[in-house]
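Note that chain A is present in both complexes that follow, paired respectively with chain B and with chain C.
Right after this comes the complex of A and B.
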């Protein structure tokens, strides 16, 4: 029989574990934005080497499944002498992976900014760093807001994969509750609805932001 | 650092894993596309609100939850509902369900982009409904939907590794076995990275070729 009691009894623990899901996807998205902006600058740079490097970066992080990237970070970093806690490794990996997607989103948004703006900025003698931080990136961010919110939702779902490196977020927590209570159906469904709730909230906030940022 | 003799021992298992990954991807993608197409058709033709609401809920639920959790519900929760599946069938069913709403959205957009005039013309010429679908709507839809279809098929290649979490013996599972038994992380990484790079590259090439074929008539006349 479907047991709602199991769900109700374990819901507080499950919700508490959601903070790791939020931490990993939130910080991952933030890191992704920062690295993504850098990769994007490389991708549209005049230097051929920088464009090359950005292209390789994007093709690697988009071509190799995140699950494999996580295991790589978890097993290979210690081999080369980098010892970081699993949580840090997970956030970094999610961030690096997100950066590849976000750089492409930003590149698309850059195309939508009239060329004249960058040219005018060069003409009035703004240094390149200011052109990026004051003219191009703020507008690119605004234009790509819907895609970025979408990316954050993807990251919330992707964060379920960090169970493989042993971080107790929603999925891992539901695994251990399921094996303790022998109620996998109820617990995994509860986990699924928890993710759904988080994503619906993010989507709602995203729509509000979009309306506010809309020109 | 790279120990090639490992591949003598684990080569057959890794190859089986590769085959299994490709098999899962192919079957999963084809079934997901089929289910997605049916969903898109139902959404177009049945306007009764309970059906529309049900579809909406299905799409939101599948798109709002992680594939891993869906697999767990299916594989570990399924038996409580009398749905007792082995890892492989559960994985394939999971891929089908997971992919279907994304494909449904792609097909919906594609079908909506078919000019109404062409459908009306076909009807005026006396085409039966099945032929209108087969000879007019699907070919025209494919032109606009193909890039998105290829794109999502590529995303699905990467989702197949998640099947290793419910012990489907695909490439990730076999490589992890090798890693656990030999601690050969570098070699395992090499295999995985190379395989996925080649796999994804191959699919996007096939996709580009298909696109060129579907849009051939556009290029000829411009």
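Right after this comes the complex of A and C.
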């Protein structure tokens, strides 16, 4: 017998746990965007050392499962004397991992910008920092908007991995409720729709941003 | 600060400029004097090095040997020691050199006004309101006073190129470089861009123009330089180059231009 009642009774708790999902994926994506831009600048830099460093960074964070990265952060940070709450460690790790993917997304977008865009800025006399922040990055962000939205949606779903460091977000909360109520189907179905709702909103906002960015 | 007639036009001097792409020599010991307040046109077949030479003048392209002086300052390298110039000093020199590109290279995410104001704000460090006022003035000067709020995608090719010219003149350069400014335009839009360039020439701007518009070169240029295979083959007044060129390569080039553009219909 399918019990809607179970869903309705537990929905508030489930929704409350969604704030961790949102916090980790949202802040993780924001950090990923900032770190990703920096890593990307390294990847396209003239300096061979910077390019090498960026390549190693991307290889590591893209090549090691996020789950392992989270566990490493959880066990490694206290060992080197960094005592931060699990939530902070989780957000940082997710951000660093996302940066690897985002830097590659941005690098691809930068390659799509005609060489003349930077040349015009050089000819006008803009300093390198302004060429990046005023000319190249805004265009790269616009070009990569669909991929970035994709990345954020992946992060929302990947954030379920932070349960391994003891954070109770949507997935972990569903598991607890399911084992307490013996109603796994109802609860997991509710969780599925909750994830879906979040990601539909993100996709919608992404569409709007794309239109806004279009001149 | 108003956009007035150029009073302090710069000269340029190129001496034995050479440029290599690996084994390939793109420029071969090119020497040329660009007189102040005059229009110098660079003509020649595609791949002859005209654009490369032009791009060396603001060091967008690095030359490997020889020297280029804007007035009496060597660009790109330290006068003593010959090392690469510090980026800040190079930027300072480039402020005096305006450039207009074949593909316009307007920034698509900014309005026409912001395209022009950007350099004033970020390079000349003018307050936003003042930068925008000068930008609007520059746009009005190229006949686009009513298009300030348009993004480049909402402008025709000719209008985009005029915005690009406004972007350059707003910085009050002392010399301007034009890299095939009309080559990407539909034929019916060429005239409006050339008209703005003629106006600049009349105001006494030093201009170096790489062009395939022989009519413009013949009527507006004070000096014409012909290049082929990275070499400066001939330089002189338009009358000397177009009238009765001494060099066979110049004659052949002009003949092929005439042949291409002739449209007399063969009678019967």
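FYI, the second predicted complex is superposed on the first by the 214 of 215 C-alpha atoms of A that agree within 3 Å, B and C clash if a C-alpha of one lies under 4 Å from a C-alpha of the other, contacts with A are read in each partner's own complex, and residues count from 1 in each chain.
We adopt the following convention: a contact is a pair of C-beta atoms (placed from the backbone, for glycine too) under 8 Å apart; a residue touches a chain by one contact, two chains touch by 3 or more.
Remember, it's a predicted structure, so these values are computed and weren't measured experimentally.
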Worksheet item: Among the partners chain B and chain C, which is in contact with a greater number of residues of chain A?
Response: B
Worksheet item: When the two structures are overlaid on chain A, which partner does A:201 contact: first (chain B), second (chain C), both, or neither?
Response: neither
Discussion item. Contact-wise, after the overlay, does A:134 reach chain B, chain C, both or neither (first, second, both, neither)?
Written reply: second
Worksheet item: If you stack the two complexes on chain A, which partner ends up touching A:16: first (chain B), second (chain C), both, or neither?
Response: neither
Practice prompt. Answer with first, second, both or neither: which of chain B and chain C does A:112 touch in the superposed model?
Written response: neither
Worksheet item: Who does A:180 touch here: chain B (first), chain C (second), both, or neither?
Response: neither
Worksheet item: After lining up the shared chain so the two structures overlap, which partner does A:34 touch, if you call chain B first and chain C second: first, second, both or neither?
Response: neither
Item to complete: With the two complexes superposed on chain A, say which partner A:56 touches: chain B (first), chain C (second), both, or neither.
Response: neither
Fill in: Touching residues on chain C, where the partner in the complex is chain A
58, 60, 87, 91-92, 94-95, 97-99, 101, 103, 105-109, 118-119, 122-123, 151-154, 164, 167-168, 171
Discussion item. Going by the contact rule set out above, which residues of chain A touch chain B in the complex?
Written reply: 2, 59-60, 63-68, 71-72, 75-76, 79, 153, 156-161, 163-164, 170-171, 174-175, 178, 183-186, 188-189, 191-193, 195-196, 199-200
Discussion item. Quick check on the complex: what are the chain B residues that touch chain A?
Written reply: 60-61, 64-70, 72-73, 76-78, 80-81, 158-159, 161-162, 164-165, 172, 176, 179, 185-186, 189, 192-193, 196-197, 200-201
Worksheet entry | Of chain A, residues touching chain C in the complex | 114, 116-117, 119-128, 130, 134-135, 138-139, 142, 213, 215
